[in-house]
Structures are given as C-alpha cells and as structure tokens.
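A short write-up of the structure that comes next.
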Amino acid sequence: MILSIFIGISIALFGFVLQTSIGGINRKIIGRLQKRHGPRWYQEFIDIFKLLSKRSVSHGWIFDFGVIMALGGIIATAMFMPLTSTFLAFENYDNFFIFVYLLAVGMLGMAMSASGSGNPWASIGVMRALTTMLAYEVPFLIVVLTIVNLSGNSSLTEIMLYQQAAGNNIFLIALPLGGIVGFIALMGMLGKKPFETYIAPAEIASGPMVEYGGKQLGMLFILHEITIFIEVSLFVHLFLGGATNIFEFLFKYFIVYTVANLISNVNGRFKIDQVVKFFYKWPLLMAVTQAIIAIYFGWVI
Amino acid sequence: MNSISNLEAVDNIINSTGKVIKKEPISDFQVAYEVNKSDVHQILTSLKLEGWKQLSYLSAVDWPEENKFELVYILLNWDKPVYIQIRAKIDRENPSMNSIIPIFPGAKYYEREAHEFFGIAFPGNPDYKKQLIMEQWDDIPPLRKDFDPRAYSDRKYPSREYPDNFSKKDKENESLEKQAKRRKRARKLRTGGEE
Amino acid sequence: MASIEFLILFLVGAGIIAYLLTKLNTIVGSIFTIFTVMFVFVSLAQYGFGMDIITTVKILPGISFSQSYLGFYFAILIVFIYLMVSFFHPYFIDKYKYKDSYNLLFLLSLAGILGAFYTNNFLNLFFFFEIIIWTTMFLIPQGKSKEAAVSYFGFSLAGSVSLLLGVFVIFNSTGTFNINDSLALLSGNSAVLVFALFLIAAFAKLGAFPLHIWLPITHGNAPDPFSPVLSGALVKLGGFIAVLALIKITPATVMFRAMDIPIGHYLVAILGGLTIVFGTLMAIKEDDAKKLLAYSSMSHGGYILVAFSILNSMAFAGGFYHILAHALASAGAFMAIAAVSRVTGTTKIKELGGMIHKMPITYLAYLIAIISMAGIPPMGGFISKWLIFQAVIDKGMVFVGVAVFFGSVGSFLYVFRPLAALFLGQEFTEYKHVKEAPILMLIPTFVLMGLNIYTGVFPAAFLKVINNIIVELGYTGITYTTYVISGNNGVLNPALISLVFVVGILIAFIIFILLKKSRKVELMDTYTAGNFIHDEHLFHYSTDFYAPLERLYEKQSHWMTTFYRALAEKVKELGKLGKYLFMSKSLSVTLLWIISIIIFLLWGEVL
Amino acid sequence: MISTKYTEKKKFNKQEIDRKWWEVGDYFRRNSLWLLMYCTGCCAIELPPSMTSAYDMERLGMGPMATPRQADILLVSGYLSLKTLRRLIYTYEQMSEPRYVVALGSCPINGGIYHDSHPVINQLDQYIPVDTYVAGCMPNPESVLNGFVDLMEGIKNKTANGWKKYHKNYDWYKKNQFDVLGEVVIDDEFHQ
C-alpha cells in the first residue's frame, strides 16, 4: 500500500514534469510559428519556481484552504492515472469516474478559493468555467458511455487492453464521430482557444486567477499542469489505445497536446453562451448518434 | 437638398426665434451664431425641434480682455450635414448661465465640466458643483487664462535638479570594452540571441 | 422490546404533552420533543436492524403491522432526519404564529410516518399517508406563506387520491388489501393500471416531472427547520411508493430488447431523466437558496426514479444509497441555510454575502453537504451516483445517460451558487453583528457532516442493510467487501480514494507551509483596475449568477408553471360557479338547491 | 601539510542559507519577469513591437499579465496625471513582493514635454521607487528591451531593490504622495 502510494506520488510528479516540459516546448513551437524566437523550453519551470519564491497576499483562510484542496485533489487524481497498460499505482482502481469526479474536487477547491477572494471578476470567471464544464462534459461522458459499454469495463487499463487486443481498433478509428467529439471536448477541458472564455485576460482579468499572486498562483500553475496531464492522458488512454511502453505514451501524449495547441492558436474566442450552444448542438448530436449506432446497431469499425 | 439651402434653413430658424449678434460661417458644413444670453434656450429648443437633436459639445472660452466668458453649444443633426455653434457671452465676474438640462439632458456632464474648468455656475443643474474630472482641485479653475500652470506645477510638483556637468559625457563610457559590450548587447537584442 | 404500536401511541401521547409544555414554555417543549424523537430513534435502531420489533396490535382497531427491511430502511432514515431537525426547534419556534401546536404536529407526522412504513395493509397505508399530509399541511403555513400549504396539499391530494384508486383496483382484482399478497397476485391490465396510478402518487410525492410545481413553493416557504424534513424525509415517501410500483409490480409489457427493460419502466426512466434536467435547469436559475435546494431535491428524485426503473440489483443499490446520501446531504444543506436564515432573516442569495467570516462551521457543513450532493468523492453522493452510472452504462441507456450526466455536472453549478454568493464573496456591513450558530444547533450539523463523510468512505455498513432489502425484493444482492464495491464494469474502493485524497491534501499542505508566509489583506483590497471602491454590495457578484446560461432557456422555463397557473384559475372559476349557485345570499335559493339535491338522491335510491 | 591549528567548525548559519536561497530565487525572478502594463501615455505604443515577432520579449521570459497580483514589473509607460498617479500607487501597493518599477519615456523622469502642465507630475520617483528608467520620447523597442536587461542585471547585482526602499522610506514616500494628492480615498458618485 505504501509502495503504491509512493508510485502514485511519483506518477503525479512525472506528470507535472512531463507536462511542464511539453508545455514549454509547445510555447517554443508556437513562437516559431509566429516567426518569433520563442522562450526557453524550461521557461515554465522558471515561471512556477519564481511564483513560489514570491511573497503573496492572502484574503483569509478559505483563500488558502481552497488552493490546498484544489492541488490536493488534483494530485490525488494524478496518482490514480495509469501511464501504460501495465504501469499504474493502484491496480483495478483506475476507474474512469474517479478521474471525472476527483477532477471536480480541484475545480471546486479553486472555485471556492477564487470566490473567497471577494473579487467579482473571480466569480465571473468561476461562473464561466463551470458553464464551460457543463457544456463539454455531457458529450464527452456520452462518448465514454459508449466506450465503456463496448469494452465492458470502466477501468482505464481494461479499456486500453481492449483496444490493444487483436481484432479491435483504437476507439478514435472504431468510433470516428465519438473520436471527434472526444477531441473537441478535450479542447474544452484544456481551456484552449475557442473555449478559453473563463480565462479571458483582456476581458475579465484572467478570471478565477485574478487575485492570486506568489505561492498561491504557483500552486495553481502546478495544478494546471497536472490537470492538463490528466486530461490529455485520459484522451490517450480512451481513444488512442493507451500505450504498451512509456515511449509510446510520451509520443502519443506529445502529438495530442501539440495538435490541440496548434488548433488553439489559429482560433479566436467564443462567448460563453456560444460555447454552450456549440457543445449542445453538434458534439452532443454526434455523440448520441455514435452511441446509438454503436450500442443498438453494433456498427463498430 | 444641398448644404447651401441647409444653411439658409438654419438662418431662418435662428432669425425667427432670436436676435443674432454675429454670424460666422466656418465652412460649408459649419456655421456659428453669436446670440444673446437670454435667447440661447429658445434657439436651442427650436433647433432641436427642427432636427438638431444631439448636443455634440458644450464648452466655454475665456476672454479676459473683454472680461467675458463665451459659452459654445455645438449641435449636430443626423439628417442634414450641418453643425451649428451657438455662442453666448456671459459676465466673467460671478459667471452664471441657466442650465439647458430641460432641453438636452445630456448637458449635465458638460456643464459640470465647464463648471470645474471655468467656474461657471449653472443654476438648474442639480449637481453641477460636484467634481467630475479633477479630484480634489485646490486652486482657481485651471482653464481660466489668469491661471498659470507653470507656477502651479513648480509649486506643487518637485522637479528634478540636474548637476551642471550633466550633459557632459561620462568618462567611463568612453572605454573601448564598455562600448564593445554595449554594441554586443544591442546586437543580441536585435537578432534574438544569435551572435 | 419495542412495539411499533407502542411507539406510535407514545408519539401521539408525547405530542399532547409537548403541546402543553410548549404552551408553558417553548424551550422546554422543544427539548421534550428532542428527547421524544431520540427515544423513538434509539428504540428503532436498537431493535429494527435485527427485525426484532413487535408488530402485534393490541389497542388500535383495524390496523395491522408487519416489518420488512424496506420499510425499516425508510423509517430509520426519516426518524433520523426528524431527530436532527428537532435540535433546531428551540431557536426557531418563537418565530411562528401558532408555536404551541408546532411540536404537536411535528410528533404526529412522525407517528404517521412510522405507521406508513410498518403497516402491511393498503388502507392503513392510505390512512397514515393522510395523517402525514394533514399534519404537515398545518406545519408548512407557519413559514412564509399560506399558498405553500395549499399547493402542497393540492398535489399531495392528487397523489393520495390516485393511491386510493390504485388500492381499489387492487382490491377489485385480487380481493385483498395486504400489500405483499395483493401485489404478487396482480396481473394483466389491472397491473398496468395500478402501476400507472401508483406512479402518479409516487411522482406527486417525489415532486417529479410533471408534478413538480409544488416542491419549490413548499420548500421555499416552509418554516426553516421544516424544509430539511420535507426535502430529506417526506419526499422519500414518493421513493417508497415508487419502489412498490416499479419493483413489486412488473406488468407484462413489451420489453426493449436492446436494454432488457420493460417499456413502462423505460418511460419512467425517461421521465426521471426529464425530472433531472428540469430540476437542474430551474435550480441554476433560482435566486432563493431554499428554493434552489428544493429544485435540487427534484433533480435527485429523478435519480431515484431512474435507479428504480432499471431493473437490476446494481441500480437498486444505487437508488437506495442515493436516498440515504441525498437525505443526509439535503438535510445538511437546508439546515445550514436555516442557520443563516435565523441570524439574517433572509434566504435570498443576492441579499447575503461573506457569511463564512461569521459562520465558518455552518459553512463547512454546507460545503460537505454540497460536495455529497454534487457526487464528488469522498462523500456519500459519489457512491450512489457511481452505482447508478454503472447501471445506466451497462444497460446502454443513451438518452437517460444524457440526462443523468447533465444533472451530475449541472449540480456543480447550482450547489456552487449559494456557496459563492451567500457564504463567500464580500462581507456585508449589515451582518457585522452576526455570530455562529449556538452549540445545540451545531450538534446535528457535526453529526450530519460526519455521516456525509462516513457514507462516502465506508459504505459497507450501509450496503449490508441495502443488500437485505434487495434480497427481500427478490433480486441477488450486489457484491462488496469491507472496502471494495464491485460493479458490473468496474470496482470502486472509496476508502482508498479517501486515503489518496488525504495524501494529496497533505502534499499540497506541505508545499504551502514550506513557502513564504503570505501577507493578509482586506477583502475590499482586491484588483479593481486601480479604482477605489467603497460599497461592498456593488462589488459582490451574486445576482443572475449564471446569466449567460440562463439566457439560453429563459423563454422555455416557465411554460409548466403557466400551465398549472391556468389550471388553478380554471379550478377557481369552477369554485366561483359553485359558490354562486350554492352560497347565494338569499336563503330560499340555497334551500331550494338542498331540497332538490335530496330529492335527486332519494329518487336514485328509490329507483 | 596538515594544519594543526584548531579551526572552528562551520556553524549552521540561517542568514547565510537565506541569502543563498535568495540568490537562487533571484535567478528565477530575473528570468521570468511578468509585466503589468500601466499604459498611461504614448510610450505604450512601443510595447506591441517589442512583444511581437520583431523583438520578441518572450524569449527573455517576459510577458504581459492581467493583474498586479500576478505581475513582477509595474511598467509605467508615459506621463502621469494626478488622477492616474493615485491609481498607480494603489496598484503598486497591491503587487506581490519583490516588485519592480520600470518607467518608460522622459515624462516620468522630469515631466518631459508636460513639465509645465497643471495635472501632470514631474518626477515619478518622488512617489514610488523606480528601478529602471528608459529615457526617450518615445524610447524605441531596442531601448525598451535594453532597459529590461538592465533591470535583470540589477536584480542579479541586488541593486534593483526599490521595493525594499519603499518599505524603508515609507513615511517619506507617503508624505510626498499626501502633499500632491491629498487624501488618497476618493468618494464620489463614480466610486460607489
């Protein structure tokens, strides 16, 4: 048990280091795309450590407690995440719903802390974040319903093994509509450009993060990196057949995150009601169609 | 309808409602009338009825030689391309002009601004005395010509004192290494780190 | 050994004593009520788990009792909620108009509840239901408005009338009023009819779509300490009838082959899904904290319906666990709001702000309750939602899935609103004097907090009771060990999740503690783009919290209310007609009517 | 040769360790400077070219931030009227420490072309400590970047310690602010 917990902690740490490096590399890529030199690839580490070294302000105990709860929840979530189909901390317990709901703990903690700062912009940002969540989560969960129903297990490793088994395609190909919905929902989860309404620095002063500085902001950055690690890994495991070894995982992870980032950089920003309308129009329709086709008719490529 | 006849129409309106002291055509699309202080409200009303519905601006000009303030009302018509300036002179001692809020409610803030910068009173405007732009101003209204901004600035804001040899070149900067270093840094900044 | 008859008679007697005591001194009467309910709870808990309660009847005429795990589960849960709420009475009872009778009615309704869950006769069941409805009907108008009681009574009446009709149909086709015997004997068309009639009763009590209008009106306007009872306990009566209708009667109808569910049950699941969606959407819009929680009760009622209409033991376990988890969570949330309302006198979200700085423990109670309500680990709501999701996914119910997932995510939105706007945010100057709730009110708060966490960490103890019910209903129980629940497509270890969660929090805490200490600043010292602020009310974002989302469905949201309002208008007009005909001012016309009706009746009798 | 002289063992020195940590922190701080652009005047127009592909500020680890809480540098770009100064000081006091101030253009240095204007102050460092001035009217992007590199060197050499100065001479700064602004609290219809 203790060993499992240590493995879990190291997976969380690995996720943080991985996503922070890949985030930095992506910043470089985007810089080159815009004919700029771009920052150093380890710039994100410098940013985070700088924030941790500063002297911050606090708006009361809930402001601090929310941050701790959020980071704790996210670290707990990352500890359950399998890296490959054989390497994970807690065998059998990598249930998909644990990820969805433990991620919500992080969201709730951050929302609580942001509202606790007493700044209306933070509240508006939280409102937008929750509304965005309501938008992307339902189509995504319907696709996952299809996947779990087909593979007969909601454990991530089992889903990976199902896709890796002979005769089965990875779900991105087996469920093409669902795969598209999954990727769009991933963009929403990551808060990438068409759906980054809740950050909106020029509009609502970076939303929930408006009152944070110093160590609280640094912890939120760590939280953000680990959250992205969890979300991208979920996509890799659910739709791309997971990985059999760590290098395959790294490769798939890098591809997914970079593609999402590239798409994000050529997009503008939706208004918040447009986000909801968008997700409840095509992605939901596609997800339901895919579910009906796959579950009731059994048409799976 | 071309603009010449527009100007004539304006002439007719203004002449029928009040006495014009001086008419000053500015361009084909702008015309200024100087009228009596007491006629301003009537003229503005009749112009508003004729379509000059927007009060574009209200301000004042200080004429210390004549000991007068000149109030300027600029009206805009959305259908006919003519700006109209209505000017009226008021006394510089205890300047006061009845508010035009009943005609143009938007004049509220212009009148507050005019009060703040010139000290003109606008009876009829409930809160013309409230501060609008300057926060806690402590001198005579600043746009009056007898106000000296230079003196005010010198009195209120400490200014930097420079040594006598300030403009002379720093001896240290003449050394070759220093200059080379500066050039190198400048090049680095320009090219993005590539040597 | 406790006899159920003795408990009921004890409650009635104690109710009368409580009435007299309350007349003398409200505090003494309320404390007597606490001890009475505690006695009932302790005797039930002592003997009920082992089915050791004596059910023979000696005094009450025409009433017979029997015990079952199903009835006991509901009874112990509701008595527990009553017990928790009774701690609030000493602080609230002085505010009400008819305070003497408050404790009396409270205890009488509890007697009705005990009877309803322990009887084995349909007529008795109806009788006890009426007791509950009539006593609570006089409790509710002591709060804000009488309209609440009227709408509660109207919908309850519709429910009980359809229950009675169902009972008649049962008797007509089977010849017995015994609950278990008659339901087993039912078959054919009468089964379908009873199924439908019972479901109407269940929907009316549960506040499910389309009979949901009364819920927010009643919950929102009921006395503050009675709202937890309404939401946590009384609404669950509908769950009880739903169990009777959905599980005990299985009308022979067409099956959905893909999902292996009878079509009637599938329709109920769809209606349950609609209930979830409507409840969620309306709760997001609602501005009154209590009404918001009422809509959330409606949405959770939908989960219970969905769970019971999927005919497998996994879903049943989910449904029963959800009844437990939601009762605890909803009672906790309502009681926190009641504690706030006691000191501020309002439950409107936009009139409140920054209560956390005054009432931190109440805030924690509300936080834990809503975490459970939103189904986030490590609270009870997560287990039940997980079980229901397992069942829904296993059956491949796509449309119900949309509703269930929507409700689950939507619950984050609406539970967060009171948290953000009422407890957090700017601190209002008019509530500077406010203090934390007194110790007697904190006792149930702490108990509920503990239970909310306990149900989420160690569900085995509760699953044991639930498994008994499932076996009693004729299905195989779900498999679980001390820590692990096994579902159809996955296993869950709530204790492990909690442990890992604690480890995560610890790591975060260590990171936090090691770093430089922060500088404490005022709440008003926030980023305002450099501007100076003085009025905290204008700097508190609470009105129309989800405005962009609400705008998308604001036009569609009121048609149900409009329909019922129009119906009420029509009924009023009918009443006016009757009044005009029968109650006219001249005596002779009335007499003429009475005489003609008597002649008409006699004529029918003669023929 | 081994010395037989008694040498005192190095003791655990908290100050020394703090100083070392501070230097490590300085490395992170100077490589990740986040700007709060307080665009008060015309010099703000020079910032877009210094941020975009021509000069690319991001390669130095710098970038714009939305709020003072997150930012390290308060970038004063251009002249400051009294009304702005009042808000600038409020913003400066909201920033997390260590905080630095960079002033662009000649106006914050000596008033520039507005030296005789009634609402424009002449010298910014009377009211808040300024770590780096970039002279010019307006300074071109190269000099802006040069100014930032100067600030980085200042952080490295511990000369950019305006925020410490502000704490040390707090009364002096407050007196200057009070002389020119009066009561800092504003109370009129727009702020209620």
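Note that the chains are named A, B, C and D in the order they appear, and that numbering of residues resets to 1 at the start of each chain.
In this section, contacts are C-beta pairs under 8 Å (C-beta built on N, C-alpha and C of every residue); 3 or more make two chains touch, one makes a residue touch a chain.
Every value quoted in this text rests on a predicted model; they were computed, and no experiment measured them.
For the pairs A-C and C-D, the count of C-beta pairs in contact is higher at A-C.
Central chain (C-alpha centroid nearest the global protein C-alpha centroid): A. Between chain C and chain D, the centres computed from C-alpha atoms are 58 Å apart. Averaging C-alpha coordinates per chain places the centre of chain B 35 Å away from that of chain D. For chain D, the set of residues that touch two or more other chains comprises 56, 59, 67-69, 94, 186. In chain C, the residues that touch at least two other chains are 527. In chain B, the residues touching two or more other chains are 192-193. Contacts from chain B toward chain D in the complex involve residues 130-131, 133-136, 138-139, 142, 147, 149-150, 152-154, 156-160, 185-186, 189-190, 192-193.
Contacts from chain C toward chain D in the complex involve residues 525, 527, 530-535, 538. Residues 258, 354, 356-357, 360, 363, 367, 371, 374-377, 382, 386, 389-390, 392-394, 396, 398-399, 401-402, 405-406, 409-410, 412-413, 416, 419-421, 424-427, 487, 489-493, 496-497, 499-501, 503-509, 511-512, 515-521, 523-524, 526-527, 529, 536, 539-542, 545-546, 548-549, 551-552 of chain C are the ones that touch chain A when the two sit in their complex. Considering their complex, residues 24-25, 28-29, 31-32, 52-53, 56, 58-59, 61, 64-72, 94-98 of chain D touch chain A. On the side of chain A, the complex with chain D involves touching residues 27, 31, 34-40, 43, 46-47, 49-50, 53-57, 201-202, 205-206, 209-214, 217.
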